[in-house]
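For reference, the structures are reproduced in the following blocks.
There are two complexes below, and they share chain A, which is joined by chain B in the first and by chain C in the second.
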Partner chain A sequence: MTLPTTRDIAPGDITTIEELQDYLYRGMQLEHATIPVYLTALYSLHPETNADAWHILRVIAIEEMLHLTLAANVMNAVGGQPDLTKKGFVPTYPARLPDGETDFLVPLQPFSEDAVHTFLQIERPRKAPEPGKRIVARSRAHDPEVLQADQHLDHRPVIGPLLTVPGRPEEQFYSIGEFYEEIIHGVTYLEQEYRKQGKTLFTGDPSRQVTPEYYYSGGGEIVAVTDLESCVKALQLIAEQGEGLGGGIYDGEGELAHYYRFQQLKIGRFYLPPDEPDRPTGPPVTIDWAAVYPVKKNPRMRDYPQGSQLRAAAEEFNKEYAAFLGMLTRAYTGQPQLLLEAVWQMFHVRDGIVRLVRNPLPGRDGVNAGPTFEVDGATP
Partner chain B sequence: MTEAAEHEEYDVVIAGAGVNGALIAKHLTHAGFRVLVLEAGPGSAWSLDGYSRHLDHFYAAASKGPESPWPPAVAAPQPDTADIRSGAGYFVQNGPDKYGSSYTRAQGGSTLHWLGVCLRMLPEDFELRSRFGVGHDWPLRYADLEPYYGRAEHEIGVAADVADQAHHGIEFPDGYDYPMRRIPLSFSDQVLADTIDGMRVTLEGESIALQVRSYPAGRNSVPRGAYRPVGAVDADVDRHDMITHLGERCAGNTSCTPICPIEAKYNAGKTLAQADRGKLRVLAQAVVSKVSVDPVSGMVDGIEYQRYADPASPRHTVHTARGRVYVLAAHAVENAKILLASGLGGGDSLIGKGLIDHPALYAWGLSPVPVGAYRGPLSTAGIEDLRGGAFRARHAAFRFDIGNDGWRATTGGPDSSVVDAVTNQGLYGTKLRAHLAATLPRHVRFSLAVEQLRSEANAVTIDPRHLDAMGNPRPVISYRIDDYTMGGMAAAAEAARQVFRQAGIADCTDPEAGGWFPSVRRDGEVFHYHGMGHFGGTHVMGHRAGESVVDTHQRSWEHRNLYVVGSGSFPTMGTSNPTLTMAALALRTAEHMTEALAARQPIRQGEPSGF
Partner chain C sequence: MSGHADLLDRFVAFSAEATAFSAVDLWGTGQAASYLATVQEEAGDQILRDLLEAARPGPAGDQVFTDEKLGPLARNIVKLWYSGVWYELPPQWAARFGAPVKAVPAQRRPGQHGVAGHSLPDSKGPLEQQGRQRTPARCASYVVSAAAYTEGLLWRAIGAHPSGAKAPGYGSWAVPPEIDGYEGDHGKGGSR
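Here is the complex of A and B:
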């Protein structure tokens, strides 16, 4: 990715600031949507076991939190309003990724080979058929497995207006990287057009930027976004941490990209520099697939009997999680110091999940409870 | 067993991979010198897997004492705080008083279990004799150490705000600040500060105003400027990826002592990992047993060490490591023990003599309002106002540590509070819950650490009748708490009573609650004290050979290519936790060694060490 500087770039799919803000909202939705999935798998691991899987999931979950914060910084920089409390911000699982990838579903499930398969789909590297084209035909969505899963859904996955490429309902982004590439193109184009009018796209209040002072050791270096350069840097960091830089397995900071971190779990071996994709040469990854709590896949509140302690715990978790998203929204809209409190509040999130995943569901032999993340309507 | 290290030539051989050894190894390897570090204990804490096993060990331990995550190897036994209770253990307690402290013999040393308090010593602590007519003066002044304090704060990664720390004449250079912002004050600190700030206590007619003050902590916090916190380390570069984003900030876990679950607290393994690994060899499970001295030149010509493979067995092989320069960085007690076992002490020698600690009292009470006890780092603030002043001519100074951990250390709360409510008060069900909810959050604890002056009668000696499983001597500890320190204890206990009274905190201090703590008696008052792990004074530094063991560079007067480093070099310790000061001294020593080594040609094979 290089910034075109000498001649005009053509408009892409993003041609107005409103469209850009829609994309960025969807980006925040997307980054957040992975967190319940990764945390459910992480805390389904038996304590003191599966250290390799634990650390791989831990690192990626933390980096998703950075991505969420970076997306919020970009949103603020272009005068948008990050809002994690909007109805539908948290998807109903199993969900399709909010960037419009519709050929697979993302369930809440315990750590398993299936889960790793899903993680690899989430983090898959870009695969656009030709340069400059970041979307593929939606026909991929006719994957029989997905269609079958759709039939068994107890709800239809929400496909809102943001879940398709604007104006191209038959097409979709193939990867998160391509989604961000489109946004980078969009901000570059828009800033070019604004400058022609002697204006700038970056009119947001700088005091809303989350800076390293409030956000550090949380998945990499936070980038305060104030202009096109810092904006592109922030967006590239998100894309690279997910899928690697320039087709390699590492990002620009020399860290293994998410796709390849997860692939280590599938292949059973760690990557070592300067390994090539798909051929890790490091020490073996040790996994005990059995040392996992048998958490119900896609648990819903209605799985918990009325009046049961489990139901109360699940409700309390959803309320706390809703409150947590409210606090993050305040942190992203002018009170970045609240992120310091997020550190200990995340212990609450952990404890809430752990309380559920370690307890069996009554009458469901051998299946444990899990967090439902049904936060809409859950008020603290 | 073949030992590559035995056949290799090193510029520097260091005994001990704690904070001193690690700092010196880091700086000398970066200056281009080849360094061998011999560590008596296991090296397991230096890998993520190993560290995780120590964490599991801690979680599984019934008693969560400072040693609970760090079980010693048979070959490298260590004191345990429970020894005093059992009357057994590694130390041979020769009395008349018990020495209550412990340390960790493992790669990383006692920084594995420390709390992380990084106080600078007060300027007056260096000049006790000239200013107050008691104790000793250092051969260095605060101003001499000040630049090294600043460097040590960056090496360790200390979180504090200069604005809080300039008291009792402590000065910082213009524009200086700690590498990270202070750890946020706990709710407890804030509630107590509301009451205590500006409060006065009167000691022997002298009125002193108090203030709750954040203390500098070796725990990662919000970085300043370009500083980047150092999180967890893994010596195995193949698995380096696993420690990404781990421990780069304190998350408020409650077990700083004995183990930070995420390595947000400094341990010496972090410094050792920053050494030039191409110039460094670290041998764990290598117990230094003897320093060999050339009888003609008086120079050290080798260090004998015992290598063992199995931490559960004393089976070992004996080897000798050779370098141009040698450093004993094995701990104040172990340094003295090694020198004595090598026949280098005795008679008028001061080796082993002058052992000090901070014998500490507890004071605990029930606050009228909740302070949110049992949450966060074990402590985050203290009261520093009684660490210095004219009273030091009469009795010892002392420091208040303000606990966030309720009565954990004093009565075994909150567990013991539950037991008490059930068995003594007959509570159960909702009444029990209500009682606990109403009382546990109000638990307040002060720890009152009292200064101690060096006395030659307080000593580490060895005795051929008392050997460990490897045949190495166990430290024989002679220890007496003198009237000067007991005067400080009396003043500290009185100050705590005055604070409790003025703050409306019901004083629950019950000497019998810690009945197994050792005690001393003065004018009918009994003081139960515990050790702070602040060993010092056993190879004291000074201006002249006859009056000290090492010079201001911690270089042995008798053996000029030997450095004996650590808090054993301290002539006084004031009321500061010793780690920061010894780190500053170690950096000063490393600088000196670099110059001295560079000024001489490397020795050739077969020649006597020509440092």
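Here is the complex of A and C:
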């Protein structure tokens, strides 16, 4: 997106700083929501097998963590309060994302062809058919799986679909890309209006910014957000790493976008520059679909027998994950140095997932346990 | 439940008793099937079943560790879980209690020890069914697989990590080790 310099831009859906902060909270929620999904698939792979899938999933999970941190930087720059510990911040899985006017389900599940299909749905570049169609009414014509999930109270996501319009639950964004376009439009518009009054939108405390010294080897350059230019840069990085830049397969930094990384798993071949979308010409991708722990789809605490060691392990994981989100929240609200320690915590999270997925579920032949990510109510 | 799955469950239950780690922890290493296959291969299926039978909960259960026949095997299983290493059993013991003789010695090659978890034709021994190579000499001690070393219980027991694997994060060595279930001499150690 180019920044308008001469003519005023018209207001979009975001007209106040509070609305912008609402949007940014949803952005952080969205970026985080993909992480449990990718980590469950990543750690379901048998060790020492599936190196290609391992690397692709790992890089993408790390980039989602970068996106979360970039969104926190934008939130801080406009005086907002990143909070990953709010009830409902972590969705109940299967979560939901928009696909045009309908939703699709995003389950926690082991690595599989189904999982790759879902990953492609998550990252798929999708432009609204016309500029005015960025926000659409939520259609009732859902796919049967979504309708079925609706009927089972236990599976209903507590926060509803992830990309509804703040304050208007019957409307949603056409796609993740359109959601970020709206935010970029919103910050540009708001800054224009603030400047007319001799003020700026970017009044956040700069010491809250996560800068490269606290964020290293993390899937790309962290952008400290202090003005409109750095803000747009941070938001574009998030959107482009997912979908690619301007219809191409690479982002602005020349890295393959997430959609095309995952597509390599589906097609079975790596992309090489200057490949065109959908036609990779690199070496073959080797996948052993069977070398995967058979993790139960969307595991919940109630799947684990009361009083069992396994239940205790699943609970311990949720507490640890809740503590991790608490630590990230402190890191994003004035103590960025905590991100260095958060890395250690991430290894605990990894070990916790690995331990669960290797455990057979008692009484369920051929089905293994998995992390439930039910953190609301899990006291760290 | 199939016979093999039942044997694996009993092997893990015995191992949990013997190592003082929980069954969840042992399954969590991902090594249970590979270790069972190792024991079957190195000591023989029957003697393992004898051990599991003798070690059933009860007043006599602990005595397997001092038993002339079952003791060395029981202790070897503990060491296996802690270190990922199969230690050579005493030759006198092997001669007396009749551990199996290896039919097809083959060169062990690094990087060939991944656990595939598929059943292969019965003509292959338990180790080959796990996708691994046989040891060249029957009486050697060896690391069961690359993953076995990193999954050794000893690392968790001392609150450390295996050198060269499972990186704990830069600078984490500057705080006291965290040991599961141990609060330390100076209150809660570590950062959690």
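FYI, the second predicted complex is superposed on the first by the 344 of 380 C-alpha atoms of A that agree within 3 Å, B and C clash if a C-alpha of one lies under 4 Å from a C-alpha of the other, contacts with A are read in each partner's own complex, and residues count from 1 in each chain.
Rule of thumb we're sticking to: contacts are C-beta pairs under 8 Å (C-beta built on N, C-alpha and C of every residue); 3 or more make two chains touch, one makes a residue touch a chain.
Keep in mind that what you see is a predicted model, and the values were worked out from it rather than measured.
Trainee: Once both complexes are superposed via chain A, do chain B and chain C end up clashing or fitting?
Mentor: Aligned on chain A, chain B and chain C clash with each other.
Trainee: A:17 in the overlay: touching chain B, chain C, both, or neither? Say first, second, both or neither.
Mentor: In the superposition, A:17 touches no partner, neither chain B nor chain C.
Trainee: Under the stated touch criterion, which partner chain does A:367 make contact with: chain B (first), chain C (second), both, or neither?
Mentor: After superposition on chain A, A:367 lies in contact with neither partner.
Trainee: Applying the touch criterion given at the start, work out whether A:356 contacts chain B, chain C, both or neither, answering first, second, both or neither.
Mentor: second
Trainee: Check the residue A:310 against both partner chains and state whether it touches chain B (first), chain C (second), both, or neither.
Mentor: second
Trainee: So in the superposed three-chain picture, is A:256 touching just chain B, just chain C, both, or none of them (first/second/both/neither)?
Mentor: first
Trainee: One more residue to check, A:272. First (chain B), second (chain C), both or neither?
Mentor: Once the two structures are laid over each other on A, A:272 reaches chain B alone.
Trainee: Considering only the touch criterion stated at the top, classify A:55 as touching first (chain B), second (chain C), both, or neither.
Mentor: Only chain B; A:55 stays clear of chain C.
Trainee: Between chain B (first) and chain C (second), which, if any, makes contact with A:343: first, second, both or neither?
Mentor: both
Trainee: Let me test your reading of the model: by the given contact rule, A:120 touches which partner, first (chain B), second (chain C), both or neither?
Mentor: Neither partner.
Trainee: Jot down the residues of chain A that show up as touching in both complexes, chain B in one and chain C in the other.
Mentor: 48, 340, 343-344, 347
Trainee: Which stretch or stretches of chain A touch chain B in the complex?
Mentor: 48, 51-52, 55-56, 58-59, 62-63, 212-214, 216-220, 255-256, 261, 270-272, 282-283, 340, 343-344, 347
Trainee: Touching residues of chain B toward chain A in the complex: what are they?
Mentor: 48-49, 52, 56, 59, 184, 220, 222-223, 229, 231, 238-239, 241-249, 251-252
Trainee: Give every residue of chain A touching chain C within the complex, in rising order.
Mentor: It comes out as residues 46-49, 290-291, 309-310, 312-313, 320, 323, 340-341, 343-348, 351, 354-356, 358-360, 365.
Trainee: List the residues on chain C that touch chain A in their complex, please.
Mentor: Touch list, chain C to chain A: 1, 5, 22-25, 27-30, 113-118, 146-147, 166-172, 191-192.
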